[in-house]
Amino acid sequence: MSKLNLADGWSGAMGLEIVSVKEDEVVIEWTVGPRHLQPFGLVHGGVHAGVVETACSIGAGFVAAKRGQTVVGVENHTSFLRAVTGGRLRATARPLQVGRRAQLWQADIVDAGGKLVATGRVRLFALDPEAPAPKPAD
Amino acid sequence: MSKLNLADGWSGAMGLEIVSVKEDEVVIEWTVGPRHLQPFGLVHGGVHAGVVETACSIGAGFVAAKRGQTVVGVENHTSFLRAVTGGRLRATARPLQVGRRAQLWQADIVDAGGKLVATGRVRLFALDPEAPAPKPAD
Amino acid sequence: MSKLNLADGWSGAMGLEIVSVKEDEVVIEWTVGPRHLQPFGLVHGGVHAGVVETACSIGAGFVAAKRGQTVVGVENHTSFLRAVTGGRLRATARPLQVGRRAQLWQADIVDAGGKLVATGRVRLFALDPEAPAPKPAD
Amino acid sequence: MSKLNLADGWSGAMGLEIVSVKEDEVVIEWTVGPRHLQPFGLVHGGVHAGVVETACSIGAGFVAAKRGQTVVGVENHTSFLRAVTGGRLRATARPLQVGRRAQLWQADIVDAGGKLVATGRVRLFALDPEAPAPKPAD
């Protein structure tokens, strides 16, 4: 996982903190601030969807790397359950399917009280090493 | 739309620029930079999903406001079609359904060459004014 | 649940059998036959999506009825994990969110060996009794 | 397309009629009857999702066959817009993405008056001929 530097890029811009990365679980936490909000003061759905994408992609990529593969996310479906205005959030991603050609991961986001606030699934392709440089689904 | 200040919050953090807002079309543009990338240098899927969420929510909210309603996004489903490493991107959102109780919007994101790079749909509830302060789907 | 007669309609045509209906769990079983297959001899994705829709709708409707509400499904997102050519399948639906205005249910479909073959989520609106006759999201 | 016999299997059980199959468009029609309804007399969401699955899979398979590939559907996301109680329905599927490793198709379902009643997207993998017999995403 040495390539993963969440201090840069989108995850860094969002202040995401990787708590743990395992083959069957990825945990990310962050503290809600102004950069996460939509105009009405609630956490933006895109933040939830993006954290789902991050957590699932890290997990799928971690598993794929052990097989000499890379992954490319192609679908993200996130459901929003509760409004969040602040506090600490935690996303936990787990695999629903780990195949040779594809993976499906799910991430649940809970608030400090453990209540589910959003949940999403990411479908990813697994690419063998002989394949060309990763491009989404081409 | 005077309440919408995209200079703040997530949309501001992402540098999104609203080009136009109409009842049946919302256009947003942005220039890809480091804050939009995942660790492999491609635009993060969460950015696409988030821009889809922003464009669709602005459109749905604009239509709802004319009826004295507010909207709450409950589902975001975004598909990623092409890898993007930089340049200018444009999202165009249009309504698929505008009902009294719900709306469904779709946003397509194209690159500077007009190629479709991502596309997503957002399902939103429409809440009547007598309803309590907006909370997602409760 | 006296209104629910799965011997008729789509569920009857598919041979679905309701095993149990509770506020937090609905179980449906069926035996795969020719009517469930696509041209290559595998269970049709539409059958999985349809069973997900049936199980989630029964559960959400059951909960809603206790509150004097009805529900209308507006989004169905189903993922296919394993090919199935025959045998006995079981779908178990559980609620992810039960709100006053909306519900979100998830159904998992397993084969006779307990392996997950498909999983999906259904978003539903909850309508109060004073509302007009149920029409999807209008 | 000689392998496709919609008179059998799920599509036959549902009475689907293929109107046309082209590389960039598949049209299916059917007349609503009791076998398509849920307990409240409306067309079952699973029927819409299943027709979306059928139309998109036929189109993607048609394109793939020309390349010596096969396809496997892995995600189906269908939105329900209007209640339908009877009449003639028409589904038109078109490709959003046709890649070497994956395809994304969308199908829109309209009633006899041309009103959009449901719309969905199917993500499919494309498998090269040397690959083993098609199994979903494994």
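Letters A, B, C and D mark the chains in the order given here, with residues in each chain numbered from 1 onward.
As a convention for this text, a contact is a pair of C-beta atoms (placed from the backbone, for glycine too) under 8 Å apart; a residue touches a chain by one contact, two chains touch by 3 or more.
Computed from a predicted model, the values in this text were never measured in an experiment.
For the self-contact between chain A and chain C, the two sides draw on mostly identical residue numbers; the shared fraction is above half.
Counting C-beta pairs in contact across B-C and across C-D gives the higher total for C-D. Each chain gets one centre point, the mean of its Cα atoms, and the points for chain B and chain C are 30 Å apart.
Note: centroid distance chain C to chain D, computed from Cα atoms, is 19 Å. For chain A, residues touching at least two other chains, in rising order: 74-75, 77, 79, 81, 97, 104, 123, 137-138.
Within the complex formed with chain C, the residues of chain B that make contact are 74-75, 77, 97, 99-102, 104, 123, 125, 127, 137-138. Interface residues of chain D, counted against chain B in their complex, comprise 77, 79, 81, 96-97, 104, 116, 119, 121, 123. Contact residues of chain D toward chain C in the complex are 3-6, 8-14, 34-40, 42, 44-47, 49-54, 57, 72-83, 122, 134-138.
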